Amino acid sequence: MEDVVIIGGGVTGCSIARELSRYDMKITLVEKEEDVACGTSKGNSAIVHAGFDASPGTWKAKLNVAGNKLYPALCEELDVPFKLNGSLVVAINEEEEMALHELLDRGETNGVKGLRIIKRDELHALEPNLSPDARAALDAPTGGLVCPYELTIALAENANQNGVKFWLNAPVIGIDVQEDFSLLVKTPKGNIKTKYIINAAGLFADEVSKMAGAEEYTITPRKGEYLVFDKQFGNLAKKAIFPTPTKISKGILVCPTVDGNIFIGPNSNNIEDKNDTGVNAPGIEEIIKGGKKLVPDLPLKNVITSFAGLRAVSNTNDFIIEASKLVKGFINVGGIQSPGLTSAPAIALMVREILLEEGLTLKEKREFIPHRPKKLRFRELDNEERQKLIKQNPAYGHVICRCETVTEAEIIDAIRRPVGARSIDAVKRRTRAGMGRCQGGFCSPRVLEILTRELGVDPLEITKKGPGSNLLVGRIKEFLQDEGGDDNDK
Amino acid sequence: MINKELVVIGGGPAGLAAAIEAKKHGVKDILLVERDSGLGGILQQCIHNGFGLHVFKEELTGPEYADRFIKELEDMGIEVLLDTMVIELTKDKRIIAVSHKKGLMQIQAEAVILTMGCRERTRGAINIPGFRPAGIFTAGTAQRFVNIEGYMPGKEIVILGSGDIGLIMARRFTLEGAKVKCVAEIMPYSNGLTRNVVQCLEDYDIPLLLSHTVVNIDGRDRVEGVTIAQVDEDFKPISSTEKYVTCDTLLLSVGLIPENELSKMADIKMDDITAGPVVNHRMETTVPGIFACGNVVHVHDLVDFVTMESQLAGRGAANYLKNRMPLGKHISILPGEGIRYAVPQLIDPQNIINEKQNFFMRSTKPMEKARLFIESDKDLIRTKVIQHIKPSEMINIELKKEELADKDINSLRFFLQEEGVADGNQ
Amino acid sequence: MEINKTVTCIVCPKGCRIDVKVKNGEIVSIQNYDCKRGLEYAKNEVLDPRRILTTTLKLSGGRVLPVRTKDPIPKKLLKKAMLELKDVVITPPVKVGDIVAKNVVGTGIDLISTGNAK
């Protein structure tokens, strides 16, 4: 019997898994997709928010500010790139400038440090590409950037090193309360008996809660679409540039990523289908329009990709983090929309407290490993280090992804690491191979070959992103059929 | 630090021809660096015929065309490093390259020829809405899977864009027993060579839908279908014309982009239209001693022209190495009305190689018949009537040295004026 | 019986649509051509259209080998030729120009390697 089963391998579930892996107990994380970070954690703005946005007193506000403070140390410990570049909320008219003062007050009430309003000259000196209409901005120096899937994967890897088991491709299809009051989590891969369940199922948290007979709430998917620009325009914005927010959304921003790209987005549209991560033409137009309000000269010819993410919005419009009153041992961690990424480390600590309250005894492990296995990024090394590395392992001398300079050794490592990559997209998220300007055109056949070799499978079995997404459909000449006659003339 | 007289970056058709020609013109110490495990570049996956009609006066396949140059290069004893990727280039011609065999190498070259070729435009570059399932490939990637790896990336295929690789792959897939449902082209004319439209589409009754585009991709894990719509004059889809086509694969053949990351590192001036370096009469970039040729300069439609241009670059590099005298005054080549770009962008008329200069250019639109005007800032040099102009088929004009030299000209301008179509013989 | 065929000429970029009338296997008229080469092309396209077949064959112990017919074969036999080559496996070494299959679909035309494999 497990002590804890965590449902959902997003940044929330993996943060909790990693936090609980400090203690001596049996933990399994179940995830319906083929990899962690496949849902909301993969499609968001990748910003570690300062915390001025949420209403004072909400869980969102408290956990945002608390999470923000935990980030630098966490990323250091897990070797995850984190950049404290700061955020700006830009006002383009008098009304918006007034609103900045409200935001400043709200932020200070929430406990955000260093907030100040800057005027036109200072603003344009900071961000020369801003619209000439920009007249003032709220400067939040504690806003930062992180790669959300890199963080989620790092948390998963480290949790796995510390004993957390990961069941991937394992959607939860039922939850039963047993006679001994233990819980049974059912998946197509088998059932797991456990004392506690943590429901971190993101967009599907409401369905999982219902499945267990716990409190009912609703999660509405709210879509946000994004466009990503080539790295050569990485200087377009230094900070995360927000418009003055509206009631429902922080608005469409122009923002750098920790990897040096620029993105614009997201818009914000409630939809019905929790799997609908399609990008729509009107959505693209909307974000271009929004982005141009802040930075009029967008390099639209140099878009390298578009994507959409779904926010998991609860009917309370706040995070739902509490032990069920109806099902003992069942803990909901639902409605984790923005600022969920920022809050995740603080949510993990909060869940630990709830588990203690619910009677779980926590004994710290002596052998806890705080760091994940060292991850080498060839493109970030200097030439002397590169030279040394290739001598140790010649596969570092074989560049597979030329846009992002990713070597064969890094791809092999991504496959062999804890919770290793099993698909082209999983390799991409771990190494950035295929994430550059050619979007895998050059490297995907090579990555497929390495996956085939490392996993000892047929190339036909390699998928883009799990079951059903195979890249290849057959060998050559396999589809040739004798159609009778000898005439293919018209 | 390794010292080399000439380093050629890239072992495709451009690099091969440039290295061979430089050697023929007296450059002794040449190193060719290739990132793949063999020479020939993209020609190795272009197994179809149609190469070499200009250079060899015979019709070869891509690998055969490459093989002739590879043999010549080997016979000449030109040093080649395979599986070696250049990751840095400075304007002082210092190169950093890595390979699993030799580790990290620092090379100081006296001259460099850039022949990195081009890459394909992707879905992101043209912003097709919809999901992100498996089954969306650029035509060249699909070509590699089929022709090099021996695997089929799809069975029911829709092709977006009528670029030549897409057309070639339509035939290739059909002959392999897959079903190509249609080729959608957003322009009102094909972007491929007529020959390919006929022999790759018409031969197999594959519909070419002009003024059409893909407006949505359906399928979450694997492509299940695409929505195709006709577009208006502003290339906006007309919603009433939307049609759903089931398929498991969407192939993109929507253009090629010169791959100039290294050129930019070396502070070489780029041409916004070609997306390649600005070059002069001997294919030298704005950084003296760094040359460029082939698809890294501008995207060609025929490899034969890549070869010719690269031979010029090889000879140019040899000239540079022999005689470091600075060149004379350069004049600008300006694309005028009807001309999208012209290469080279600069020439030194006094130092033209071989007493003649070829100019490659592309028109802005198809024209039945037009007069090409070549004029300097002083006077009209020549005009020439050209029939059946298409943006996809490069215009190649040769000017003699005496037409350009001995005149104190500052610039040269090419422009096209459409003329009434002459009566046919019908 | 009279059949009308339209041939798109590929001799030059103009791409003339040449109309050919055929009666009992013989050409009775050709219209809308612009030059002599176009006329010749249209004749051949109607009476005996031929193409070079290019494809790949499986190599034992590895990838594939690019090949082509040495000369053009009748267009209508392309698919049949592909079927005939379906299960052919080539054993290296083989080099450019080597004959890898003789007399493709009875045309008397051989298949040659266009690549090298060691």
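Lettered A, B and C in written order, each chain numbered from 1.
Please note the rule applied: a contact is a pair of C-beta atoms (placed from the backbone, for glycine too) under 8 Å apart; a residue touches a chain by one contact, two chains touch by 3 or more.
The structure displayed is predicted, hence computed values, not measured ones.
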item: Nearest-to-centre chain - CA centroid comparison; value: B
item: Selected pair, greater C-beta contact count between B-C and A-C; value: B-C
item: Centroid-based (C-alpha) most distant chain relative to chain B; value: A
item: Geometric centre distance via CA averages, chain B-chain A, whole Å; value: 38
item: Computed distance of Cα centres, chain C from chain A, in Å; value: 53
item: Whole-Å separation of chain centres (CA-atom averages), chain B against chain C; value: 27
item: Multi-chain contact sites of chain C, meaning residues that touch two or more partners; value: 56, 58, 64, 75, 78-79, 82
item: Multi-chain contact sites of chain B, meaning residues that touch two or more partners; value: 146, 148-150, 176-177
item: Contacts with two or more other chains, residues of chain A listed in rising order; value: 476-477, 480, 488
item: Chain C residues within the chain A interface of the complex; value: 49, 56, 58, 64, 75-80, 82-83, 85-87
item: Contact footprint of chain C on chain A as seen in their complex; value: 476-477, 480, 482-483, 486-489
item: Sites on chain B touched by chain A in the complex; value: 35, 83, 85, 87, 96, 98-104, 106, 119-120, 122-125, 127, 129-135, 138, 140-141, 144-146, 148-155, 176-178, 204-205, 215-217, 220-222, 237, 248, 264
item: For the chain A and chain B complex, residues of the former touching the latter; value: 227-228, 232, 275, 277-281, 283-284, 301-307, 383, 386-387, 390-391, 394-399, 402, 405, 408, 437-442, 444-445, 449, 459-460, 463-481, 488, 490
item: List of chain B residues in touch with chain C within their complex; value: 44, 47-49, 59-64, 67, 146-150, 175-177, 193-195, 197-199, 202-203, 387-390, 393, 424-426
